[in-house]
Amino acid sequence: MPVVNVQMFEGRSVEEKRKFVADVTRTICDSLGVAPESVRIMITDMPRENVAVGGVLNIDKAGK
Amino acid sequence: MPVVNVQMFEGRSVEEKRKFVADVTRTICDSLGVAPESVRIMITDMPRENVAVGGVLNIDKAGK
Amino acid sequence: MPVVNVQMFEGRSVEEKRKFVADVTRTICDSLGVAPESVRIMITDMPRENVAVGGVLNIDKAGK
Amino acid sequence: MPVVNVQMFEGRSVEEKRKFVADVTRTICDSLGVAPESVRIMITDMPRENVAVGGVLNIDKAGK
Amino acid sequence: MPVVNVQMFEGRSVEEKRKFVADVTRTICDSLGVAPESVRIMITDMPRENVAVGGVLNIDKAGK
Amino acid sequence: MPVVNVQMFEGRSVEEKRKFVADVTRTICDSLGVAPESVRIMITDMPRENVAVGGVLNIDKAGK
């Protein structure tokens, strides 16, 4: 623990994910005072057609 | 909030998802009295080989 | 299926949840063409100190 | 209930999943005293580039 | 991995959970050929007023 | 997006959570290049009797 599940838009490269998990793990360890080996991060790549805010799919949004 | 995670069988078209998130968001807003922008829906498309009820994978089921 | 996990702020009454699950189930059935018995809704009551947007806990927010 | 969400590394065959859900459902029924039809298992196949322990992606690990 | 999230009705004793995680972990190891230390089980105790099937809260159900 | 669900052992103070979400949000923004308002963190406080590694409940573990 902690176990961290992150839902992000699909399209990130392996290099971006590599940096992301290293950075977030370091921050969690500093913030909570836990050991790195205890931090587990699971990324879910979300297709933009599967995410909606305000009842509108992300693919139908202008901007962000 | 609310954040809504929906696991449904894969195979829905974008048009079906578009209607689904619009309909469900409207119902949530009416029912809970929240603003549409506060409602976030994330859809997970589940392969039928990854879902089991009663110890039987959905792909092995007759009917539904 | 579908299985619907809803994270909402704690504090809703049983009566509000009763109406919520009835309304949302009806909408899902109409929208996806599934039978009511196949719709499962799980509510997670989130304490306001456990939810953050923009790095700020909900309890520290002015307004919503 | 129970609803069981399992995140495992991708790459398992349908035959392995078939055995897995049968075995786990039987064990849950024996252990909790519930009926098989009440047990729902959802498998999420996780790409190795989406899982990290200790800040290191699984694809970058030697061994396990 | 695997990481197993189990939503079950609240009310199980520690002794029941102790047996449950031991039994399920053993079954998973046998079925998938993984080491016990790699199996992580997280239990979520669900209040009966937070679970609905067919649009009806569990607390409003007769039977099951 | 991203939506981040963190399961951690119960017992953290509000002050610890306040720092945690601020720190993690800042790191995510730096790492992924997203705006703070798009980052949502949901914390689940896990009782030690509800978490098991290797088939052993955390409350039954010596150490960690």
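Note that the chains are named A, B, C, D, E and F in the order they appear, and that numbering of residues resets to 1 at the start of each chain.
The rule is short, and it goes like this: contacts are C-beta pairs under 8 Å (C-beta built on N, C-alpha and C of every residue); 3 or more make two chains touch, one makes a residue touch a chain.
What you are looking at is a predicted structure, and each value in this text was computed from that prediction instead of being measured.
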When the contacting C-beta pairs are counted for C-F and for A-E, which pair yields the higher total?
C-F
State, to the nearest whole Å, the distance from the C-alpha centre of subunit D to the C-alpha centre of subunit E.
13
Averaging only over C-alpha atoms, locate the centres of subunit B and subunit F and give their separation in whole Å.
25
Between subunit B and subunit E, the Cα-mean centres are separated in Å by 22
The positions of subunit F in contact with two or more other chains are 3, 7, 24, 26, 40, 42, 44, 46, 51
Graph of touching chains, which shape: line, ring, star, complete, other?
other
Contact residues on subunit E for subunit C in the complex?
7, 44, 46, 49-57, 59-60
In the complex, subunit F touches subunit C at residues 14, 17-18, 21-22, 24-26, 36-37, 39-45
For the complex, give me every residue of subunit E touching subunit D.
1-9, 12, 16, 19-20, 23-24, 26-28, 30-32, 35, 38, 46, 51, 58, 64
So in the complex, the part of subunit D that touches subunit C is made up of which residues?
3, 40, 42
